[in-house]
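Presented sequentially are two complexes of chain A, the first with chain B as partner and the second with chain C.
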Partner chain A sequence: MKKISLDNQAASPLEPAVLEAMLPFFTEHYGNPSSGHELGNAPRKALEGARASVAGLINAEPREIIFTASASESNNLAIKGLLAANRSKGNHIISSSVEHFSVLNQLKTLEKEGFAVTLLPVDQYGLVNPVQLEQAITDKTILVSIQAANPEIGTIQPLDDLVKVAESKGVPFHTDAAAAAGWIEIDVKKTGVALLSLAGDQFYGPKGSAALYISQKTRIRPLIEGGIQERGLRAGTENVPALVGLGVAAKLASETMAQRVKAITLLRDQLKERLLENVPHLHLNGHPKQRLPHNLNLSVQFVEGEALLLRMNMAGIYVSSGSSCTSQALKSSHVLAAIGLPPELAQGSLLLSLGRQNNAEEVPYITEQLAAVADLLRRMSPLYHQYLKEVQNNA
Partner chain B sequence: MKKISLDNQAASPLEPAVLEAMLPFFTEHYGNPSSGHELGNAPRKALEGARASVAGLINAEPREIIFTASASESNNLAIKGLLAANRSKGNHIISSSVEHFSVLNQLKTLEKEGFAVTLLPVDQYGLVNPVQLEQAITDKTILVSIQAANPEIGTIQPLDDLVKVAESKGVPFHTDAAAAAGWIEIDVKKTGVALLSLAGDQFYGPKGSAALYISQKTRIRPLIEGGIQERGLRAGTENVPALVGLGVAAKLASETMAQRVKAITLLRDQLKERLLENVPHLHLNGHPKQRLPHNLNLSVQFVEGEALLLRMNMAGIYVSSGSSCTSQALKSSHVLAAIGLPPELAQGSLLLSLGRQNNAEEVPYITEQLAAVADLLRRMSPLYHQYLKEVQNNA
Partner chain C sequence: MPEYSDKVMDHFSNPRNIGEIGEADGMGEVGNPVCGDMMKFTIKVKDNRIEDVKYLTFGCGAAIAVSSMVSEMAKGKTLEEALKITNKQVAEELDGLPGNKLHCSNLGADALHKAIEDYMEKQGVKGENAS
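Our next item is the complex of A and B:
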């Protein structure tokens, strides 16, 4: 049976060059970058090389990059770290209703601790409105945190415009770019963000490799205190192999982004069109154009996402019913609720994310299988039978 | 030239079986453990296997193990997490003056936030006195955090006695067992600790792999909030390859601890005796018996640790002048100060830590080189010349 992963945002195979670069740091170059002797040299040099590569991906300076182990950690370090360093300046935080849980769940805790949190709404495509951001900023606002792109529906925010608004009011801006980095051009100097989170496993780097960009003028406090690694902002022996992998993945993403994006957009659009043509009652979620090139979020009306996932899995096609960080919670998506999708469409949502191993030859099989699975599940769906009855009655 | 690492606590080569077990999780089993489809199965199963192996090393239940990326993270999660969940119960924390910076630096921050911190003194060997712990506990004490063994001077604390004192007063006990786990028997059920930190890279597992044991009755709050990974206590996609490596390293440590400890104690003691016999004015720091089997901390009187490190490095022997997390800070050791070592001995301290690649044939070369380096540096040392003059005058 064919095996096709359309769940590349949850996990992708490493670029072969990434693993190849990592391997020596498990063996001959196993040293600790903090060591004062010879064994520290190769790891230290490699770490600084990786830092430069990650900086290059977003046009930052190497010293503005702090390595972490996940985008969730970067998001927590960014928000909690900035607030800890700026407590006296205010107590108001602005974010959006479609953020990742590593932003939203922190904000819930911060609210209990006395912070005031405004979650900006989004439009039907998932876009935050810069005018609404401007109206939400008060004298007490000390942080705006809005994602660069949504990991679930793929919508790319108008980051430049949003940051400009915050900047004009002197409020530092954090962006969770975990889903976006490596896939859309990000220039921190041009955009003017204070803090930016990214994760290697979102662009063919290893799990456990991530970073936080901290602009030179931004001050934060560490979340993990201890040794003086990462300029004292993130203690703990550096995970050298993973960070070397992150560096190579960042370099490859910088160098090949244009080709990668072109190829995967073509494939994604081809898949989207074939699916929309061949599977009835299928709806696209998120922005039709302003979206991540590898992301496709669809609602299969009248059926349930988990059932779709399981049936597609049986056909050897791996898809997700939502964000991988929450899929086990079996909760309905806060993102789909935020764009106003009615529950009967939200419950049948599928997140298809493409990767470098997908190709055009897979499209007919995927289309055929999704059409068959949707048909099968609809035959068992009371909602669908009700719909058919209504159509008949109206005829 | 020979290359001998005597800095295995800073970094050790992986056990070959560890790397071998990790590799498939970079390639064919690259999936996300949270995925509901087939690609999630192997990583999820491997993660739970690793959890059981880590639990086995310390006689915990698998569900009491939370994976993290470093012992520093575990220490921060343990302390900040417990305090966040128990704020209403008191504001007093007891620790010791010889803790790792990932404990001590947090405590400094917590003091600024209004917590009262008592750092217990240690004796000349680095031991905390259970009677002093008992005297320090007040009605406001909500946490005791004392390491299982000191990473720098190797001294093993009387953990059972210390925990018993805290337990009798109803105060939860955290122990930083980063240096100890894998090298001394730890039984969390018997000892009764509430929280215990450990790190894979201290027993031939990979960097970026660590854990926090949280006893079933202990409640903490997460440091990294977000998805529901690790029972909601540590968000972020799991670093599956590193954690698989941690599991194998823990299993090997459990199975072979007796042999490993016997062999490395023999080698360490042989090295210690040869050095003490052949290098004049050499002093052992830490407890003569109650110490980590692979740790040797020596003071080379009249000379400076960094110079020793560099000269030994030139001879192909890699040693440390202190904890790797702080060696770049070039600060004098807080641990050596706490045991009351005079500055002229503390400045010439060397941390030699053995690993599985060391052997008895290296002992003569190491001895010869340290004797030569000590002699060379002493010839250039004003302190040594002053000492010689005093000896002459007294003769």
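Our next item is the complex of A and C:
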């Protein structure tokens, strides 16, 4: 049976050139970049090359890039690290209700430690309003952290406008760009963010390869103390192969972003249209236009997401859902709740994320399978039967 | 993907007794879309036995498999026997459920018991009217 992954934001295969560049650093160039002898030379040079490539992706200076092992780590280093260095300046943090758990959960902890946290609401599309940000800033505010794009519903925030507001009040701005980096143009110099998190596995680099951009004027404290790797901001021997992979992935993303985005937008829109035409009672979640090019989030009314996921899996199609039952915590998506989606539609949400291995030939099969699965599950759904009765009564 | 037993996947893939009995003798509904699971059981009773049982389920793989298993377990049983079906038995018959899905088995037995109680209540009312 054909296998089709529509869960590329969770995992996607490496670009072949990425893997190829990584391999020698497991064997031939196994040295430690901190070594004084010549074994350290090739890995050290490769690491600095990777740093320059990552900097290039977001128009930063290489020395403004700190390597980490995940965007979650970058988010923690950005927020906790900045607060540790600026504790005397205030105790108020502003973020949004649709952030990733690696932001939201540390904010909960920080609240317990005495920080005041404001989570800005979003509109029906998931957008944060810059006016509301402006109103929320006080003289105690020491950090604003708002994502560049939402990984679940794909909505791209008006980052330039949001940063401008924070800048005008002298408050540093962190953005979690894990879902966005590699897919939308990001220029840290133009935008003026103080801190930015990104992850290589979101643009065909390896898992465990990530970075934090720290602008030259921004001071943070390390979370992991030890040696002076990463300018003392992140101790521990560098994962050279993964970071070399990150560098190549960043370079490829910089060079081919326009073509990639064009091709995947076309494919995503084609899939979206075919699905909306052929599967009744589908709802699009997130912004219709201002969204990540590879992201599609739909709610299949009257059915539950895990059942959809399992049935699609049986057809060889891998998808993700924001339903309670698909989360380990058995809580439905906080993002779908924040955009005001009714619980029934949140339970039936499907996250489809495309990657370079998907193609137009797959679209008819995916459409046919989702239509069949939705129909089958609806036939056993009490909500659907209730709906049919209501339609009958109104006729 | 949760680690479902082969039996759970069998009942999820080929659920038995789906539907709604038109002139049901008893009906039991549990759950809501907020928690993510809803079940509606309808039963036909003859000579104190569950002659037929059908269900409609909105929910995850475990919820669908549980509904299907409960319907199989209840069919042909006397009302007293069916009332004794426990959540634990349902989970055991399915060769277990992942820890965080055990609550789904509660819903299945609850919905069945509600349908039986609904029938008994109606019988009680009828009985009183007759005397």
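Here, the second predicted complex is superposed on the first by the 386 of 395 C-alpha atoms of A that agree within 3 Å, B and C clash if a C-alpha of one lies under 4 Å from a C-alpha of the other, contacts with A are read in each partner's own complex, and residues count from 1 in each chain.
Keep in mind that, in the parts below, contacts are C-beta pairs under 8 Å (C-beta built on N, C-alpha and C of every residue); 3 or more make two chains touch, one makes a residue touch a chain.
In this text, all values refer to a predicted model and were calculated from it rather than measured experimentally.
By the touch criterion defined above, A:Gln147 lies against neither chain B nor chain C after alignment on the C-alpha atoms of chain A.
Of the two partner chains placed around the shared chain by superposition, chain C is the only one that A:Glu304 touches, whereas chain B remains out of contact. Contacts of A:Ile224 after superposition: chain B is touched, whereas chain C is not reached. When the two structures are aligned on the shared chain, A:Asn295 is found in touch with neither chain B nor chain C. In the superposed model, A:Thr191 makes contact with neither chain B nor chain C. More residues of chain A are touched by B (comparison of chain B with chain C). In the superposed pair of complexes, A:Ser53 makes contact with neither chain B nor chain C.
In the superposition on chain A, contact is made by A:Asn76 with chain B only, not with chain C.
Contact with neither chain B nor chain C is seen for A:Asn8 once the two complexes are overlaid on the shared chain.
Of the two partner chains, chain C is the only one touched by A:Leu383; chain B is not. Annotation: chain A residues 306, 309-310, 313, 323-326, 328 touch chain B in one complex and chain C in the other. Residues of chain B that touch chain A in their complex: 3, 5, 7, 10-14, 19, 22, 26-27, 30-32, 34-39, 43, 69-73, 75-76, 100-103, 105-106, 109, 199, 201, 206-208, 221, 223-229, 235-242, 306, 309-310, 312-313, 318-321, 323-329.
On the side of chain C, the complex with chain A involves touching residues 1-2, 12-13, 15, 18-20, 29, 32-40, 55-64, 100-101.
Against chain C, in their complex, chain A makes its touches with residues 302-307, 309-310, 313-314, 323-326, 328, 330, 332, 342-344, 347, 379-383, 385.
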